[in-house]
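Here come two complexes built around subunit A, the first alongside subunit B, the second alongside subunit C.
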Partner chain A sequence: MSEAILSLSGVRVAYGRIEAVRGVDLTVGRGAFVGVIGSNGAGKTSLMRAISGVLRPAGGTISFDGADVTGQKSHQMVARGLAMVPEGRMVFADQSVRDNLVLGAYSRIGKDDAGIAADIDKVLGLFPRLSERIDQLAGTLSGGEQQMLAIARGLVSRPKLLVIDELSLGLAPKILDLLFPVLTALNKEGLSILLVEQMASYALAVTERTYVMENGRVILDGPSAQVAADPRVLDAYLGRRGAA
Partner chain B sequence: MRGRAGLVLLLLLAAALAVFPWVGDVIGERFPTSYELRLVMRAMILAIVAIGLNILVGYAGLVSLGQAALYGLGAHVAALLALRAGFPFMAALAFSVLIPAAVGAMLAFPTVRVRGVYLAVITIAFGLVFVNILREWVGFTGGASGLVGIPRPTILGERLGATRALNFNYYYLILLFLLAAVGVQAALVRSRYGRAMRAAAQSENAARALGINVVAIRTLAFSISAGFAGLGGALFTNLALFVNYETFTFTTSIELLLMVILGGSGTLAGPVVGTAVLFSATQFLQGLGQWQTFGYGVLLALVLFVLPRGIVGSLQRLMHRSVAAETSRETGHWPNWVEGLGPVTARHDDAGQSTLLARDVTLRFGGLTAVNAVNMDVRAGTVHALIGPNGAGKSSMLNVVSGFYRATSGEVSVFGENVGGLPPYVLARRGIARTFQNTELFGQMTVLENVLVGQHPHFRATFAETVLRLPRFRREERAALAEARRLLDFVGLSGFAGEEARNLPFGHQRRLEIARALALRPKLLLLDEPAAGLTHGEIEDLVALIRGLADRGMTVVLVEHHVDMIMAVSDRVTVLDYGEVIADGPPSAIQSNPKVIEAYFGNAKLPGVAVPA
Partner chain C sequence: MEAIVQYLLTGLSAGSVYGLIALGFYVMWSAAKAVNFTYGDVFMLGGVGTVVLMELGLPLPVAAATAIAGAAVVGAIVERVFVRPFNREANSIGWMLTTIAVGIMIESSTTATYGPLGRPLPTPLVEHPIRIGGSGIYPQELLLPVAAIAATFALEFFYKRTVLGRAMRAVSFNRVAAGLVGIDADRITLLAFAIAGGLGAFAGFLVAPVVQASASMGVIVGLKGFMVAIIAGIANARGVVIVGILYGVAEKLIEGFLSTAARDAIGFTLMILLLLLFPQGLFGRAEVRKV
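== the complex of A and B ==
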């Protein structure tokens, strides 16, 4: 069995003639917490779509959990243990919080209902605010609660790797103070996490390793502390005035 | 260019139609027979009706399942006016267009507030009632035997007909009307009317926020489509010289819709091509006897399976892929204060005044109080931030100010006038522009078109000037295009001008939304989380943009979570928690206010990295 849970080699993603990702190598070790940062249009979301099987890469290979999964569909990736928390959260707005969580374990419904119930209890322990709102429609939750629900829904599928696209999008600082420690705790328990984050200061603070993307390529990667000290990153992503 | 596939098809078809009556002279056979000639004329008439329907379905995004009734209405108006009132051909024709157009407007106005199936259901009902009246009101419509003995049409004493002796003049008149219909459709689609129809179909909220009266534009679309149907009806009456209800049943409505979808709804050539294909197929399938309907169904399913966007739509897509993209997809720097932005940025409210004044504004949804007795005083030419935890009522407040919600109690005045209860499009026209938290772009329109929609209220050319493409229309259109390009330069998106908006990266969508809001030439700009999804570098650019606008006189209300940004850009900050104002003052005072720290910033230290200053 290989060391890495996810490893990308020369992955390219194209929309028609336009290449959004131009040959990316990226590795997430087992139990690692890895971040991807970069400006808009750098190709981060396209890369995540390729990893999660929403898009078929135009080239390169993706291996997950020791198997070549290049070109596999998203439902196959979920079955293999990849959970995606998409940009903009995408909770099922007209269904209750509980039903959203049950749908996170879609493939086990009817086969392992006791297991699902136990998993839901476990994730509700991580986010007590969700248990207060368990029967509320997901669409009536605040932005922060929806993000908690999206993460919780991802966890119910018992993932080996959690991929999060834009955790901080539209969230108040106080909510972020609540969410990031949860991710750190999950990672300490052994969950591998790949975090795409626009707010580089947060990503660099919580992850062990960071990749910086520009124009569809990785221009820099390494231990997060080292990346944070790189002049290019300081300039473009942390702001000249210093971090938050 | 995107329309090229359709244009080529259209020109070929027009040329073929123009020589069709004379083919026999070349090949030396009796072809076309008068029967065949009449078939082609009927197909051209149906194409005119289908073009009208395409404006409704393909552009305004509404479905009519009763178009045959409007077609029949035009036919009966023409027949009755000629038969009972002795109207000459052209006068009867005019009424055959106007009466269905008016009926269409009356049907649409109460139903198009909501998109979806409502209009479709109303049109079905109208169609059923209409056919029933035709069948039962024997004294007026002749019932099943219909109206017979309609006089042959004449223009200025010249007899019209489709015979060699008359040089097929009625055939060519129908062809002329068909070409005119194609021309009107093209002119309409490439104008602010067409853009507004598409905008209203793709994001109703954004359309309203940009000064588009959605109900009016949809009513207009339906009225136009009904006018086209009526024109077709009148041409049919004068071809057949006999009408009864059988021609205008529900089945015909469905066929018309199929013609549009088969050809490619929302394409200029689609309805004509669809009519040609479906009409020929019907004639061919008649040979199959009782298997006719079966064959018809299989053919339709097959074509739409292979060409899901219809014939023209799918062809265009193929060609678009092979043609080199006009877009460089290079992101420019922003804000880029290019020459000529003055008309957009130099608009301001009289300095010193309260541009926005909210007094005791309360908003309740059932038992939930989203905004509770909020007071806000936004001074002209300042940047006023509105912050608070998720769910504190910030977006609700923006929705009240921009007219999307009506305050349960309290008063909102903007530019010194009470604006309570005014709809969003009226407020937009007065100078309030906004962006949306989750970006509401017109996803299937290009980046450039999105900005052009923002200019909708500035056009002065009338409907007639637009359809005829008279000088004032062309002048305004050119000016609008130039300003839209300047605005794209301003936000660094010129390299994406031809790209569909939905393909933009999320942060670029935010930039485009700002450019589109500015196209409205607002005096008050409401930004709902414009920095969400932007990197630090991009946020610094956004700060420069907002500051630059305020320095030029614009008033900006900013809902945001990025603390650094709020501190850098705001003149004043109002903090909401559970719908109530818990603090209000200059940013420095807010930052150290214990209530704000408790409710919003949080007591824990923000995660940060050690970065040398």
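== the complex of A and C ==
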């Protein structure tokens, strides 16, 4: 198990009596690029919220980087090296781009300011458009720029695993063509990535391994190429035979 | 003319108290999106606590500092025990019931132990009034607007320039996102209530020499401070203090030209009308957000 950065076993998430995630097993190996696809309401976001500590799972266990982290809160998960780019970006709209990035390294502020500055320079190298807007309020950025900022903010925390929930949400294909190569490059440098994506074709193209969720369960998983060739996936997510 | 100067001066002083209390409501609302209705009583603890500690023999500055620190702890306890567990869901309003109840408990237990009557809090600043034209005002009263303005700037500095302050703004803007960058939102909220508690008690300590320290001194003032915060839009520090001061001045003018009895009726009517006209509050901001 020690080669996995993240592993879930039987994880359940419930909102009151409604179960959104009904027992999911999932593993992300160290340095892997793993995708989770599925339709709206399949439980992907709930699962990510449980992994990142935003929600407490109703059952099952989550281990991260060799430790049982079930029920840990999000700020504790960040300290352990998990960064999540949440659905809807959630940038701090009333603060500048720079201040957003600095907050990304919250636990190191005042202790390692030189390191933070270096990390910010590095992420600005990945997203040059952010350096042009560095002193603007984050709320004035376009959707694509906000997504860049959300990813950059996550990276500044020096994560071992980057979780991205709905990268493509509301973004133009042109922006996605900018974002995906950055993720691939980060993964090549050794960062483990877990990507949740409604646009299955994008996710299947960049990830090594894919989980398919439906109704709170994983119905299929395997190497992305294999998943992409599965008739169920072709039907439901890749739009063959006219399905949406 | 002299009368108007007098009303303006005392109004400025009374309004500063509303402003300081509204500032505390703003700090707590920003962090928790909940209203702490014990706040008028936390304010009272600043005045009453200082009087009691001085009667025990402590010098004024030590007594005041101890009372303020104690009120900060009370603020933190209220958050941890009576707000947080009742504010778990987005639409929770359990904190309303619990804080109103605890506020009544603080007030009645103070009445039972300290007594129902007000007691003086002697400071050198209420010995001789200053004469301005034909009007008179105690230096202590002039201290209140100074304190309100200083607290506003201190708070703005805290929110903009300090790590904790920026974390507090992040929590205020989006609790989930704050957690995801490593901020312990619960701890920050606790801290916000402690800061507000200290601020409220500071206001109670400052005004006690003028109005006497009594168990009930915070009830109406706390309510008015809350109202001021709502009218201002609970969105920025300056706004709530400005509205607080204006409301204090308006009250004194009504008192002076009409009657004390008319003060609250007209004052509250004015506030209700303002709320009708500006549902977001006078300084309520349009959110900087692009989706």
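Assume the second predicted complex is superposed on the first by the 239 of 244 C-alpha atoms of A that agree within 3 Å, B and C clash if a C-alpha of one lies under 4 Å from a C-alpha of the other, contacts with A are read in each partner's own complex, and residues count from 1 in each chain.
As a convention for this text, a contact is a pair of C-beta atoms (placed from the backbone, for glycine too) under 8 Å apart; a residue touches a chain by one contact, two chains touch by 3 or more.
On a predicted model such as this, the values are computed, not experimentally measured, just so you know.
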item: Fit or clash between subunit C and subunit B when superposed on subunit A; value: clash
item: Partner chain(s) touched by A:143 [first = subunit B, second = subunit C, both, neither]; value: both
item: First (subunit B), second (subunit C), both or neither touched by A:131; value: neither
item: Touching partner for A:180 - first (subunit B), second (subunit C), both, neither; value: first
item: Subunit A: partner with more touched residues, subunit B or subunit C; value: B
item: Which of subunit B and subunit C A:9 touches, first, second, both or neither; value: neither
item: Which of subunit B and subunit C A:166 touches, first, second, both or neither; value: first
item: Partner chain in contact with A:153 - subunit B first, subunit C second, else both or neither; value: second
item: First (subunit B), second (subunit C), both or neither touched by A:110; value: second
item: Part of subunit B, among the options 3-11, 75-83 or 111-119, whose backbone runs into subunit C after overlay; value: 111-119
item: Subunit A residues contacted in one complex by subunit B, in the other by subunit C; value: 142-143, 170
item: For the subunit C and subunit A complex, residues of the former touching the latter; value: 163, 166-167, 169-170, 173-174, 176-177, 179-185, 287-291
item: Touch list for subunit A against partner subunit C, complex; value: 52-54, 73-75, 78-79, 83-84, 86, 90-95, 99, 103-104, 106-107, 109-110, 137, 139-143, 146, 153-154, 157, 170
item: Complex contacts: residues of subunit A adjacent to subunit B; value: 15-18, 37-42, 45, 87-88, 142-145, 166, 169-178, 180, 198-202, 204-206, 224-225, 228-229, 234-244
item: Subunit A-facing residues of subunit B, complex; value: 321, 324-325, 329, 331, 388-391, 437-438, 503, 505-508, 529, 532-540, 561, 563-564, 599-602, 604, 606-613
